[in-house]
Each structure stands twice: as structure tokens, then as C-alpha cells.
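Chain IDs A, B, C and D follow the sequence of writing; residue 1 opens each chain.
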Amino acid sequence: MSRIGVFVCHCGENISRTVDVERVAAHAATLPGVACATEYKYMCSDPGQTLLKKAISEQRLTHVVVAACSPRMHERTFRKAVEGAGLNPYLCEMANIREHCSWVHEDREEATAKACDIVGMMVERTKKNRVLPAITVPVTKRSLVIGGGIAGIQAALDIADAGHEVVLVEREPSIGGHMAQLSETFPTLDCSQCIMTPKMVDVANHPKITLYTYSEIELVEGYIGNFQVTVRKRARSVNERTCTGCGVCMTKCPQKKIPNKFDQNIGMRTAIYVPFPQAVPNTPVIDRENCTKFKTGKCGVCQKVCGPGAVDFEQQDTLIVEAVGAIVVATGFDLYSISEKPKGSPIKGYGEFGHGKIPDVIDGMTFERLASASGPTGGKIVRPSDGREPKQIVFIQCIGSRAREKGISYCSKVCCMYTAKHTMLYHHKVHDGQAYVFFMDARTPGKSYDEFWRRSIEEEEAVYIRGMVSRLYQKGDKIVVMGSDIAVGVQVEIEADMVVLATAVQPQQGADLLAQKLGISYDKYNFYSEAHAKLRPVECATAGIFLAGACQGPKDIPETVSQASAAAAKVMTLFSKDRLEREPIVARVREAGCVGCFACKKVCAYGAVEEKEIRDRQGNLLRVVASVNPGVCAGCGTCQATCPSKCVELDGYTDEQIVAMIEAL
Amino acid sequence: MNNTIDISHYAAIADSIRAEAARILEQGVVTAVVAYTTGRRAGSVQPVIITAAAEAERLTFTAASVNNLAVYLTKAKKDIPRSGRIGIVVKGCDLKALVGLMGESQLQRDQLYLIGIPCAGVLASTVRPAEALIAATLAPKCRECDAHLPEGCDYVPAVSLPSAPTLEPSYAAEIARLEALTPAERWAYWKEQFAKCIKCYACRQVCPFCFCEQCLCDRNKPQMVDTTPRPAGNTAWHIVRAMHLAGRCAGCAECERVCPMDIPLNLLNRKMAKELKELFDYEAGFAVHEKGPLNSFMEKDDQSFIK
Amino acid sequence: MHPEKNNSSAFEPKIIAFVCTWCTYAGADLAGTSRMQYPSNVRVLKFPCTGRIDPVFILKAFQQGADGVLVSGCHPGDCHYIAGNFHARRRFAAFRKLLEFVGVDLQRLQFSWVSAAEGGKWVDVVTDLTETVRALGPMTEFKELALEEQWSGALTTPELKEAYLQI
Amino acid sequence: MQTYISHHNFHTLLDTLITGGIRVVAPRLTAGTLLYAPLGESGDMVLDQLPRRSAKEAFFPVCEDILSYEKGGQQVRLTDVEPATFPVTVLVGVRPCDAAAIPVLDAVFSWDYKDEFFLERRRKTTVIGIACTTADDACFCTAVGLSPAETKGSDLFLTPVADGGYLCDICSEKGEALVADGSSLFTELGNVTPLPFASPAVPAFDLKKVKGWLDGHFEDPLWDGTALRCVGCGACAFVCPACHCFDIVDEGTEKSGKRRKSWDACGFWKFTHHASGHNPRDKQPKRYRNRIMHKFKYYDDKFGQTLCTGCGRCVRICPVGIDIAAIVAEIDGMAVE
């Protein structure tokens, strides 16, 4: 007979406000097999856990049910506590009477009745819980970092400096990401490239880092400690080993008018190119879509001029399989191009602001390239349309961000600061120019941020207008910006030479597809979801996968670098052990009943089911049955639902446990 | 409508089976032959397993050769194929079951020597074995048979299959009739049918695909399905049975034939076959499928029923 | 006492939800952390994945007196276990057809994809099903069946008659 | 004692019983299958065929509750089913093969343990048997020492006569009471011509010889030869008027449930499966052997009776054509003395 202890938590008042916890405990006490039932203000607190442990030893409890918050919140806490009191942690279950009950129902009677049911259900389930011994698996102490922006670079360097090998995969021909595009950074106005490029070089030179650029993730298999990742290394058409990076090919390439994405398409590049002079690796890539040789079969100049003979038109994509134990996802962000509505996006677009139609309406990143000393204009701020210096410039904030009617409700977080920075950069370069900023609110939390923002107004003469722009149109060579200044309550009309839009920060295109390969979850905007918003902000719910940077949500550089280092620290923690204890929620085959139809094998997405031969003592084959490799099994239980005779069972979610719950209702 | 069904070739088939069974046993091609023999009652035919060429003369094939002999190669009868290569007489519908068993790793093709029957149809379970085969006495499954001639057999008697009259499919009509009813009316229909069930498990025991050694419905930890022959447990049993056969049942209709309580079990199986055809374009046939429709998927599968 | 209140409290549907832990359970948690409100009729059973949900559980839920059943998991492509929800989708596409054929009103059996980010959708799905089932009234079919016997074993006691009337 | 009842009066008799609150059970079409079932009116009765299930279920139901349990707090409450609540029943249209099996079953249900569930129903039930005028090639009552006119087990026994009425043999006090209660409906035995009885074709077995052979042939090639094809269902046992094995299971939840008794069959693999995993009857022929042994040897050893009345139901419904009459005939043929 089981002796179950039921512990009902008040969660301060979070539960007890709507659920009569005393009644829940009293009800639990009447359930068959319950030896003690009690309630307490904060079960997760130290005294709460002590109470639990004491009850286990004094009442000789065999199982424990904690009726409190979601198991996603504190299951670990209580299982650890139970383990501390000498019980197997899997004999403890949580009844979720907070997220699923007290917080979502107002009627005290109803909520209490529901809480009683939830507790009753979990008591019955727990009765059927079995002791589950921990499973340990070896840890491959190599890490994969996806994305070679500042987040990926920082994470890769930190992990590599700790002595572990890192595989860094970048989709573009060079690492560097968006930070390499920036001119100067707030709030210090450091030159972005000056602080970024040394780190890029560190990556290139680090003996522990294997760098794959112009590459993408093809397939991710395995699980924490034991991932197999297939990387598609796209054909560069240039042999990275033999290329010396002399650049002759680029100077000789006849195709010179291809818009350079790195320069936001305002600068031009050749068909064989590096995106920017400080690119790492400094190996060009042939843009096959625009290369005459690939389009027509003629040309081939680059090959002819290449001294080391590195140009290889026949090069194919290669697939490389890397074994790693942890993955850091650092795929960063993209700025939403407001002129068009991407397919499948919930965002409605801002056609009314003329972006893409009026050449002198640009986005913030384009302004960065204009302002960058290494940019296409050599750092001169000029109009894309005619190359003239804009004397009146209007910045508009919150384009896309915080606009629920347009589909995005979040704040992009960095725009207030970079717009302030832009006004300064502008003022430094166009001394007689005037900058105007339309803004809804100025959000400047962060060290020295508000001071920086104030400086743009107080010292750099930017005129901030609180209000939104209602209309914007081309009039001659001017752009008329009409808006309202709600602080003063007047309509404003500015004849501007240039307009800069602070467009929303969004996840990279295809972020959802990568998430599906990794088996991690993402929100409705495709930002990746952390395991816990407060307590596990750098981990994914999928064990062994960590997040760094803006792929999780808009972030500025210091935040991104902090999170990247945090993710690296998590990886190092994981690598600090030779073997990893993993949740023993895995499938097991009852061989005696298995008829070897292998339906389980057919549905297993992990290849965890193997065929096992049963032989007699003489070695004669009797039957072939299914067998689950507990190291590979991820614990989804699809095999069990598929097995006709239920001869494969998922520990922790057995039919007995589930039926007990259904029957309790 | 032409009411007679020409089975004049069955005598020649019986001769050929006797000769071929004797030959393959004699020459050691097989260790046993699973076939049909005559019973005591007039016209009755029953399954038989012979291991010597001399016994081959007992074999027969008539319109009363209703059994799907595939059941003798699975589950409790697994000893039979283990003894060596087995010869087995199969009608088209029976062969589909064997093919299904191969897809589910229960049999291997090279373990079998298939004697295929060009089949014009067999008798319904509701008539005595001595009755003449006419449209009215034909087994319902034969009315909608698309597998008169088994494919891929090792031996098929050299007889020509007489042309068969076209008959209205009875299962399709009955399914359509039930589908047109309200849920409450359908429930009432099945409730009455399932109430008769006495849990003799003839449907399970005779089904080639119910090859589990430990049936889910016999388990008591947990008791997934009540085992007693009461309306509740009966209904659960028949729903679980139909679900477990969905995407596997090859339509031999043995379950329905053997039900001593006349429950139209094959209706459930045909309904599921129809749905799986519509949903996933799956049909049981003569080709081995590596995965069944319910242990595979396509990303574009219908999900119109999911919010 | 208000007569309306009395009427509406006459029948409170029993809704059993089978959900996966990664998406829908988390979505329901989010509804909680966001303090959204929904009818208290639903009882949630957590599974690792919709792939683990055996059709027999749905049957069992109805037999145990559920008036409505909800099965909910991750959106296609979002399965924490790669493809469990795809297998579940096929399985339930077939199973619901079977239940429909034996006479179960499919309005009582809802399937949904609710992600960890869709607290609001969870609230909508649960509310809709609860209200649909409330309008349909109690699911009497399986409950009646549970009290029925073969004629030879049938008993005629006042308790049984009472139980029958209470369905 | 003999009397006569016209077809019309017989129906009136039954309808009077029904309206008087007596449960009248007779063959009736139930979802397309002829089964014994309580009648709402006598017109529903079908007397020209043998029902698919035997009459034993009137005494030994397919499934019945024995007790119910309820767990509350730390207590368990048990409630026994009271046989006293069983209804008074008149069982009508019982063929000689079914009726004759009832006294055979009395032996096992009132031997060491008195099964009140069976015996109370037995006490409360009046059996109206009916002679057979047709038989098919599965029928073999005559081969096991019975006949289409056998009155064993009947309280009142009807023999159809040419005009559609019945000649009634009063075989017991219960039968006599029934006739007395409806005396106005019965008339003097006039000049009636009973329809000729059926004559099943299977020659009579020498049951002593058969038993003698079985005594010495627990192991015999015959079992493999006849029963290798048995697929292990329970159909034969469940339609049999004499098979009486049952299983007892608890069904319900942690909170409440029922203990139930339901038919079981020796053909099932699980019938002799031990908790240890061992199964003494590990192969199907051994299980089928038990069926023959129980009917023609064990029951005879214990109670001096044969547990088969030759109704032929198992012969008709066996999925794989196992023919008990043919097997016993074969044994009879092999046996000496």
C-alpha cells in the first residue's frame, strides 16, 4: 500500500486567493493511499522543502504530490528535495493548481473543486509511479555555434578559450554579422569595425575553432551530449586552402555593378567578391547567379588571373557531419523591410512611408553604411538619389515595432538608442544640417543610455517631436513629412532631404525552419523561446541547445555579448562532466510480449529502436524483438501509442499511470 | 441479372492443388502444405495442414473453401512456418493478408510457397456448405472483390477464370446507409449489434493481423478495455479492434464470417479502409508496403479537423 | 438565487484534455501567467507528446464520463520530438472517423494545435469546446452503456434505476 | 400427464404471464440473430429454429455482478448482489438438447459449493421445452443418448401437432402449476396428430467405450490431428448448452467498481495461463483435448453424466470446421470393448 504525502502550496496568495487550500488538503487526506496531506505558504521555499523532507522520513512516505505551480516551474525543485530525503525523484509529481487553476478561474468554489480533482488525478498517477534509475550518457565535448555575428563569435571564443573545440557555422561568406555593418556604437561611439574585426581574426586564428562560412545547417540528429549535425557547405567556387586572398580576381572581374547586400545594396561589388574588405575568411566567393561564366559559360577571367589556381567552377556543395555535445544558436536578426509584406508574415507592411519607392527614404542600417568610414560613400552622408548632402533629415522611430495594428506588438529595443546615435553622427558630419526625430516614447534604460540620448538633444541639436508621421510624399527633390506633435498639439510639416526609418528588429528569414531542424520552440514572430523567461533565459527547452543574441528577442550589443558568454558558460558546465545524467523518461520493450512487428521502429524519429535476436542456449534463433537504445530514445512515447500490444512502455508515462488519471476523474 | 456464378473450374483447381502439393512435398520444396480438406457434413470444407505427399489426395477446393489460411502462419501457429518452407493455398483476399504480414515482419516471402487460386468467389457464412453458389449465397466480400487472381504466386493452377457477373457491392451500400444516419441512430445500431457479443474472440483468433501474443484487451494492468461481455466492454473491444486493424486489414472478412452472433464486423473494417483510402491514398494490395498508413506520415496530411 | 444561474449550473460538462507538455501544456501555463480566464470544466492530462496519446485513452475518457475530449499538441513542424504530432495527426484523423461511424458526435472531440506562445488560443479552444458541449448536453451514450447488461445478468434494483435516471 | 393447448391459447398464456409481471424468455430475433431473450409480447417468439446461444444463460448468465465495492476515505464498502432479487421466469421454446443440459448443470453448481446465483434462478424458472420436428446434419442428440422428443429438463414439454397447437407433457410440479394457473387455456387431449419427430443422422455413440478410450489416451496423436487447426476462440464453449466455466474479474476504478462473473472457455490461451508465465496447456491441441475430456470423461467420472447434448451448435459455428461429432465418432471407432 502506498503512503502518499500531499503538499498543497498557497504560493503566497497566488493559489490561496482563489483556491481554498485547506479544503484541497482535507480532500486529499480522504483519498485512498494518502498518508498525510498538508498545506503551506511557500512549498518551494527552504522551510517548505524542509517540511516536505521531514514528512517523508517521519511519515515513511512512499510517494509525494506537490500541489502548487506548473511542473515546468518547480518539478526539478521538488524532485531534488524528494531525492534529498532518500526517495527516488520520480516518485514525486506536481499537481498544477496555479497556472491551470487559481490563475485562470475566479470562482472560488469552481477553482477549489477543480484543484481537488487535479490533486486526486495526480495522487492516482503517482501511485503507479515506479522508481526510475538515472540514465547517464557520454558527453561529446565539442560545441556547435550557429551564426557568426557578435553573439556567435563571442560564444565560440569563450568556449574555445576554455579548451573545447567549436564548430562555427555562418550562412554568409564572412563572419561579422550586423555588427560589422555598423558605423559607430552607442553609447560610446566606438568604431564598430575597430572592436569587431579583431574578434573576427581571433576566430580565424583560434586552433580550437573550425569555421564554416557560406554554410548552413542541413540536419540535426541526436540529443544533449550527442548531437550529429550535418552542415551543408555551399560551393564557394574558390578553393579556400589555395586562395591567398590577394584579390586580383575581384579587380579583374568584369561584372562590377552588383548591389552589395553588405552595403544595403547602395554600394556595388563584383561577381567574385568578399562582402567587405576585412571579411573573415578573406576568401572570395563567386555569386553564381550574377557570374557571366555561370550564366553564359563564357568569361572565366578570374580563373585565368588567379595565381594559385584557386578558382574552381566545378566545386559542389559538400555535406559535413560534425559530432557535438552542445549547440549555441546565435542566428541574430534582420531589419524588416517595410515596403513589402513577406509571404506568411503576420505583419502588414508600411507602404505609406514610401520605402523602396522614394530613394531617399532609407532604413537605419542603410544609414549605418552611409555613415561608416569603410562604407560605399567613405563615410559621407549623402542622398542615394543624387549624392547631395541632406540638410534636413527626418528620423522616424517605431516603424513596425509597437504597432499592433501592423502585426508586431513588441518594442525593438535598440531603435531609440541608435536613432539618437544617428542624429549625432549626422550632426558630426553635416554641421549645418538639422535632424528631426519623430518618436512615441524614448526608451533608454541601460548604463549611460539616457545620458547619451539627452546629449543628442541637448548638445547635438536634434529636434525630437513626440508623435507619429501621418503622411510622407515626394515633392520635387524634397520629401514632405507630415505629422503631429502631440506634446504641443500642433500639426508639423517638414520638407526633408532624407528620411531614415527605424524599422523593426525581426528574427532572420528562415528562423522557423532552423528551429524545426533543431527541435526547439519559437514564438509567433519566430523568435526562439527560452526554457524559462526568468530563470533559464539562455537555455532552450530542448536539452543541450542554448540561445545567444537577437535570435531570442531584440537586443543591443552588450546584452548580446553577455548572453553569448552566458550560453558559453552553460556549454562549459555541460562539458565539465564526462557523463551526463539524463531524465530516465525513455521507452522500454517488454520482450516477452513483443511480436516483432516493428511498428515502433517505423514511427521512431530518432532511430532508437533496434532489432534484437532472442536465441536459446544452443544459439538457435527463437524470435526477433524490438529493443530501445535508452541513450538515443528521446522519450516521446509515439512507439507506445503505436504498439498494438503495448509491449513498449514509456517510463514516467505508462498506460497504468495515464489510465489511473483518467479513472480518477 | 445473371444470378449464377461459374465455378466449374474449381474441380480442376482441386486436382492441380493435389498434384502440386504432392510434388512440392515429395521434392522437399516445402515441409508442410496448408490447404483445405473435406469435412463430415455435406459439402463442408475445413483447413488442414499436411506434411506428406501421400496426404495430398485429401485436399480439395470448393465454394466452401472460405477460410483465410494465412492465420496458420502467424501468432499461436508460428511453429508452423518455423518448421521450414510452407506451401499455402491462397485466394486473392488471403494473399493480401500474407502480404500485410510480410510488411509487418511476421513472415518472409522466401519462407512461403504460394499456391494461388483463380477465385470466382466462396459461400457466405449464413448458408450451409452444401448450397449452390449463386449471387444470393455468395459471401458479401466476394461481391466487391478486386483480387480474383492472386499475383506473384509460385504456382497458379492453369485454369481460366470464368467471367463473373457484376454485383452491387453490399458493404459500400451498407456503409453509405449508416453514414446517412444521425450519430444517435448509428449509435443505436451498433449498440444493438455489440450488445450481442459474448467475447468469444473468434474475430480476433481468426484474424491474420491480430497476431499480438498479449492482446491489449486481455491486459489488466491497466485494464484498458473491460474484459467482461457486457455492452460497455463489448463496444470498447470492437472499437479498439477496428482501430488496431485500420490500415492493416486486407479485407478477408474472416472476423465477420466467424462471428457466432452475426455482428457485421467487416463493416467497421471496410469503413476504415475507405477512410484511409480517402485520407492517405492507402489500400491493401499485393505489394508489400514498408510502412502502413498509420505508422508513416506526410507533412501535407489533412488537418482540416484540427483547430 | 438567480434562476438563470440555477439553469446554467444544471449541467457542467466534464472536459478532459490530453495535451503535450512542450506546446499546449506550456500554452496553458502561459494562459495562467497571463491571468486569462476560461471555464473551469477542463481537466488536463500531460503527455510528453501527442504521439504518446493512444486512441484508447479517448475511449476511456468517454467511458469514464467525459462529455467532451480535447487533444492538443504542437503545430506541425514544431514537435519537440521531430514528428510525434505528425503521427498523432494521422492516428486521430482515422480514429475520429471510426468514432463517428459508431455514433459518437464529433462535436465532442476536438483536436487543436496550441503552441507554447498561444495562451490565448488555449483559452479559446477550451472555452469553445466547453460551450459547444454545454449546448449539446451530457454525453449519455457511454454512461448508459456502462449500466447496461446482457439480459440474463441484468438486475433490477432501485439503486440501478436511480443511477440510470441520473445520466 | 398429457394435455393440449392450441397455438392461439399458448400465445394467450404467455401474454397473460407477461402482463402478470412474469419474465417470459423465449427465442427472439435480436439485431438479426435468434437468441433467447425476454419477450415484450408472445408474437415476438420464433420457434422454428434453434437459437444461436443455448438456454443455459437463463441460469448462468453471460455476465453477472457478484458484488460491488466502494472506497471512501480509508474504508472499503462491499455490497453483495442478492439472488433473492432475481425475477420469476418462464423459459419457453427450449429444445430437448438445451433442456436436457440444465439438470446436467445442476450437478456441478450444487456439488460442494452451492452456487446460489445458479440455484436461485433454477428455482424461479419454469422450463417449457419443445420437441424437434426438423434436424440438420450438425444435430446429433440421438448419438449421445437423447432424442428430439426428450423431456429431460423440461417442466412442461410441447410436441407440435398438425393443426399448429401443442400436445403438452406435464413433467414436474412447476409444469403442473403452470397448467393449473392457466387451466382454462388447456383442453382435453382430443384426436390430435403429433408431427413426426426429427431424426438426426449421426449414429449413436457408445459413450462407455468412448470414455474407456479417453481414460487411456491423454496423450494421443489424435489430438494434434484434429485440433492443430483450432484457432483458440471460445465460440464452441459459449454456444454450448453444457459448458459452464466462468471467470471472475473486478472491473472499475480505484474508487468503485464491481466483481463480475462471466463465461470462460478452455479454448482460450489465457484459461490455464499461470501468473508465473507457465502454461500447462501450452498448445492448442491440449486445450481442445480438455474440451473432449471434460465432456466425455471428467464429467462422467465425477457426476456420471455426459456434458454434451448433441445440439450441434459448436459444429455449426466453429470457424475452422472442428466437428465434435466426427471426433467422438472417430474415437468410438478406435475404441475396443
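Here, a contact is a pair of C-beta atoms (placed from the backbone, for glycine too) under 8 Å apart; a residue touches a chain by one contact, two chains touch by 3 or more.
Computed from a prediction, not measured in an experiment: that's the story for all the values here.
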| item | value |
| --- | --- |
| Two chains joined by the most C-beta pairs in contact, as defined above | A-C |
| Identity of the chain that, by mean CA position, is farthest from chain C | D |
| Central chain (distance from its CA mean to the mean of all protein CA atoms) | C |
| Euclidean distance of C-alpha centroids - chain A vs chain B, Å | 53 |
| Centroid spacing, where centroids are CA-atom means, of chain B and chain C in whole angstrom | 35 |
| Chain centre separation in whole Å, for chain D relative to chain B (CA means) | 31 |
| Centre distance in Å when chain A and chain D are each reduced to the mean of their C-alpha atoms | 72 |
| Residues of chain C touching at least two other chains | 55, 60, 64, 77, 83, 87, 91, 149-150, 153 |
| Touching two or more other chains - residues of chain B | 195, 216, 223-224, 229-230, 294-296 |
| Chain A: positions in contact with at least two other chains | 592, 603, 642, 646, 655, 659-660, 663 |
| Topology of the chain contact graph, where touching chains are joined (line, ring, star, complete, other) | complete |
| Complex contact set, residues of chain D against chain B | 30-33, 35, 52-53, 62-63, 136-138, 228-229, 231-235, 237-239, 247, 249, 251, 260, 262-263, 265, 268-270, 284, 315, 317, 319-323, 325-326, 329 |
| List of chain D residues in touch with chain C within their complex | 25, 37-38, 57-58, 61-65, 81, 85, 87, 253 |
| Touching residues on chain C, where the partner in the complex is chain D | 64, 149-153, 155-157 |
| Partner chain A, residues of chain B touching it in the complex | 75, 104-106, 211-216, 219, 221-224, 244, 290-292, 294-296 |
| Chain D contact footprint on chain A (complex, rising order) | 30, 32, 124, 127, 592, 660, 663-664 |
